[in-house]
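By written order: A, B and C. Residues from 1 in each chain.
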Amino acid sequence: MPTTDPFGLLEIVGTIAFAVSGGAVAVRAGMDWLGVIVLAVVTAVGGGTLRDLLLGQVPVSWMVHPWPLAVALVTGVLVILIASRRPHLAMDSLSPVLVADAIGLAAFTVGGTQASLIAGQIGVVAVILGVVTGAGGGVIRDLLASQRPLILVGQIYALAALGGATLLVLLDTWGLPAVGARWAAVAVILAVRLAAIRWDWALPRFTPAKTSQP
Amino acid sequence: MPTTDPFGLLEIVGTIAFAVSGGAVAVRAGMDWLGVIVLAVVTAVGGGTLRDLLLGQVPVSWMVHPWPLAVALVTGVLVILIASRRPHLAMDSLSPVLVADAIGLAAFTVGGTQASLIAGQIGVVAVILGVVTGAGGGVIRDLLASQRPLILVGQIYALAALGGATLLVLLDTWGLPAVGARWAAVAVILAVRLAAIRWDWALPRFTPAKTSQP
Amino acid sequence: MPTTDPFGLLEIVGTIAFAVSGGAVAVRAGMDWLGVIVLAVVTAVGGGTLRDLLLGQVPVSWMVHPWPLAVALVTGVLVILIASRRPHLAMDSLSPVLVADAIGLAAFTVGGTQASLIAGQIGVVAVILGVVTGAGGGVIRDLLASQRPLILVGQIYALAALGGATLLVLLDTWGLPAVGARWAAVAVILAVRLAAIRWDWALPRFTPAKTSQP
């Protein structure tokens, strides 16, 4: 487990939060126990897996360092236990989970952006792969649960990741030390995302057409 | 074609069964002829493709040994012919197809787990990749047909694969010959899956929330 | 940008058209501004990304030559501007976009097929990867918008790509120069697709079952 530095702690918190979000979506969608475990794991490792595939870094990271698997599995089991005893909890008290999820978004996006820079990618690609790392797991989660990806319709989420990843690339270009740039980007993503939760910030949406399915 | 050993025969039966299941879902979903072919092929080769991508074994296996493509294509054409003449057949007489599908699940899961062990993956990763190989094609099929993946809501399916893959890894760790371990795992998956079909075994499911889509 | 030859021009036109189609689907589905940008980009680069992943050509092409990203981003912004001022435009006047989309289908399919042949793939695999390159972005677009992939239910689309890719492989096998074969295949795809739009050609479809979701 990446506990030797404070950033590693963020990644663990984020892995747990993403697994909770995946498990909670599975519970609400009426899946079975294995479905809850699968969505917990896929949400936690999906974004990094997409990044690794696009970068060609295979076997993908959780196959080399499987700690996120273990963390997500245990979290999924806990979600099952809690949701079985308190069926309404998953829907009512999401605030701490949303804060933890914001931590995960920040840690994963920043980690993904830095990994892409280290792999030699140009700035715009590193930003995109950072956002994919941070938000991709949630997109896979929503596809598996047959719901439109939340990041495309809801509160500001991927935009926070986009802002933080862009800042990170700029600071990197300007020659700032990686550690300082990383924490600045984490702070920006956390601040924007938490503000979006607190004040319900959203980008302008279009009005859906009457019949989107022909 | 992998017909030199009995296990290869299972893989062919499984490829046919998976192609039938993909084609039947396309027919029920009201797709056109090409849609039936596409879903037949994708269901048959999708799980192995995901495994190969995650392992970094590219070009993926059906590009190197294209026999499953040919088998799935021919099967898809047969599904079109049969479904055009007997529109109710695909829905009413699924039992032989379900048994063949169970054979496919067993063969693909065991093959995927062993391929992962041979590629040097640790046990837990080999189990996951085995289940992805066995159940992944069905998940892609359901996503393309806009239906929630059956393996996350229905009868015991992926759990059977999980049990067989775990047994295979354990037997491999204990030093049993690969051939014996393979057939033991196939037997477990088949037994559990056929029992689940026969007695309608399912994992506990959560009650869906009223509004799963915000 | 690949503007040194006329074929490169087709690819640019196709990238713009695919981005428009992605953005328009996002608008109709009621996504926010970022959703429009994401669907524009994913539709434009998705098919080539799938091909690159299956071929093992990583980092994928838009990470090495990022011009399609830039084109799709700018197009997505234009879609937002136009859809905000003229909310009904995206739905009513699709004809020029459909023609441009046909150009994109032709250019992407032919480019993908040739790239696969150059990578040493056999003919049937090159045809499949060509169709994946041409039609894959639209499939990802539809999955993200929670609608059944249009190519599996609607007018003749992937079949046009299939025909052109097959012709290209045959001409290549017969030893024709690559440039001539390429343009012949482009002509076939364009002709079939435009005729399908003009006369509403479609493959036979099956009648959907009452309950496709159990």
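Note that in this section contacts are C-beta pairs under 8 Å (C-beta built on N, C-alpha and C of every residue); 3 or more make two chains touch, one makes a residue touch a chain.
Every value quoted in this text rests on a predicted model; they were computed, and no experiment measured them.
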Third chains touching both subunit B and subunit A: C
Copy pair subunit B, subunit C: interface residue numbering same or different (half cut): different
Distance from subunit C to subunit B - Cα centre to Cα centre, in angstrom: 29
Numbers and ranges of subunit B residues touching at least 2 other chains: 53, 56, 143, 146-148, 153-154
Touch list for subunit A against partner subunit C, complex: 53-56, 119, 121-122, 124-125, 128, 139, 143, 146-149, 151-154, 158-159, 162, 202-209, 212-214
Touching residues (chain side subunit A, partner subunit B) in the complex: 25-36, 38-39, 49, 53, 56, 58-60, 62-63, 66, 69, 83-84, 87, 91, 143-148, 150, 154
